[in-house]
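Before anything else, here's the structure in question.
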Amino acid sequence: MAEHKATLAELNERIKMGPYHQWLGVEVTDLTEDEVVFRIPFREEMMVHPERQYTHGGILATIIDMAADYAIMAWAGMAVPTIDIRVDYHRAAIKCDMIAKARIVKLGRVYSTAEAEVYDPDGKLLASGRGTFLTNVIKD
Amino acid sequence: MAEHKATLAELNERIKMGPYHQWLGVEVTDLTEDEVVFRIPFREEMMVHPERQYTHGGILATIIDMAADYAIMAWAGMAVPTIDIRVDYHRAAIKCDMIAKARIVKLGRVYSTAEAEVYDPDGKLLASGRGTFLTNVIKD
Amino acid sequence: MAEHKATLAELNERIKMGPYHQWLGVEVTDLTEDEVVFRIPFREEMMVHPERQYTHGGILATIIDMAADYAIMAWAGMAVPTIDIRVDYHRAAIKCDMIAKARIVKLGRVYSTAEAEVYDPDGKLLASGRGTFLTNVIKD
Amino acid sequence: MAEHKATLAELNERIKMGPYHQWLGVEVTDLTEDEVVFRIPFREEMMVHPERQYTHGGILATIIDMAADYAIMAWAGMAVPTIDIRVDYHRAAIKCDMIAKARIVKLGRVYSTAEAEVYDPDGKLLASGRGTFLTNVIKD
């Protein structure tokens, strides 16, 4: 993988600027050679059903979109507009904090693809997916 | 299209039970022969960037997932688990209320597909997409 | 919908230039105010299983990709590169000719989305989906 | 990863039964601890344009669908119906043989997800994607 274009501190500074990211309480916890890692703490308002108490699929989709976008930022230097996303739901997230991991699939001059997964704190896979992002705004 | 299996009042009662739906402030405003219509008011925490002020793509994904799910509920009688979603982003949503419309693509015995769009109050298309839902839990 | 940028004859001339389109035997049969319609005759080599005799899902995916692409051509004047596709499978296609219908979801300056469905000759829905296409190559 | 439920020979025997797979000339070349590997030789009829000479996106979609499906077969013991697929196009495939690699994302009791990539002989990524498959037909 190519070298980083943003540091862990820069990713955190940028992600925490967003009002919705603040609501989510997301933190970028690690930036490895090929992955960005995030932590999203549980909050009661995330639930879709008051009794079954699992987190709304829209929250998981948000995490996939955000994590893939910040993988682009880590290796291309900019947060970029999302063209589209695909999200697969594997397990219900029951009142748990969530860990996300994202990486580049293909960095292109016009559009780029990144993928992400969301895990519970025990490492069980809750959701996975990918997004395509508009990277024609990025200067070489 | 087959007859409804839930009324507008039932859709609203069910959707408003969800803590995240309450946070979104969503209301089901209409149930026509083949569509369910929703209104989601803007709130400041939905923004992804404090200056550009557009709504987070994850909020739009949430609306596509929720709207398609409630189309299944309107014609199959139950809110059902999402298998996966696809969301396409067409225009930035700038500090605006949103209108969503959803309808069935195919109702099946094991899984079903529904599609949805999100519009701004002027009728401009912001996002569109589809979801596949697990309907093997539905009794005939 | 905006006016056409290609005629039915031009769509047919272009589509039949492609060796794989020739193998498929596809014909553009109609161009309405908002849809392009295609006919794809069955051929034995399309089957995925010699006994169950249904058509390979890859053939249906090909039709979704091609039909959506030619909807872009009909309203933007060019066949354009596919960025990504999503295909939903609704029913097995058993040794039947197929009809496809495609239309624009959103025509944009950089990328555009179109959707398509595949039917059997009785009008039963076999597959549906959508594609995103790179339209930054199109001059205004 | 769990142990295999099918051998390389069984995967080849099954895949080569399909008339469309025979037309594609696909061969399963390897079955590792967590991947299935395929080789698909170029043939002239795969091209979408007689001059630009690149392979039709529908062929790449077919390979993603087929490869992901056979990853399910390798670890669950059955080729299963596809619910839906997503395919991302990264580079044009110009008159080249293709190598595909596929693996399980999540094996479930009702539905399962697998992902795949398509490469040219130099290892350049041409396309990638994922499929969701109906695995409720599989006995434990």
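Letters are used for the chains, namely A, B, C and D, taken in the order the chains are written, and counting of residues starts over at 1 for each.
To be clear about the criterion, contacts are C-beta pairs under 8 Å (C-beta built on N, C-alpha and C of every residue); 3 or more make two chains touch, one makes a residue touch a chain.
Please read these numbers as outputs of a predicted model, since none were measured by experiment.
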Each chain counted as touching chain C and chain D at once: A, B
B-C against B-D, pair bridged by the larger set of C-beta contacts: B-C
Where chain A and chain B are represented by their mean Cα positions, the distance between them in whole Å: 22
Inter-centroid spacing, chain D versus chain B (mean Cα positions, whole Å): 33
Centre-of-Cα separation between chain C and chain B, whole angstrom: 27
Two or more partner chains touched - positions in chain A: 83-84, 86, 88, 113, 132
Interface residues, chain D side, partner chain A - complex: 86, 88, 90, 105-106, 108, 113, 125, 128, 130, 132
Residue ranges of chain C in contact with chain A within the complex: 83-84, 86, 110-111, 113, 132, 134, 136
Chain A residues touching chain B - in the complex, by the definition given at the top: 17-23, 44-50, 56-59, 61-63, 65-66, 81-89, 92, 129
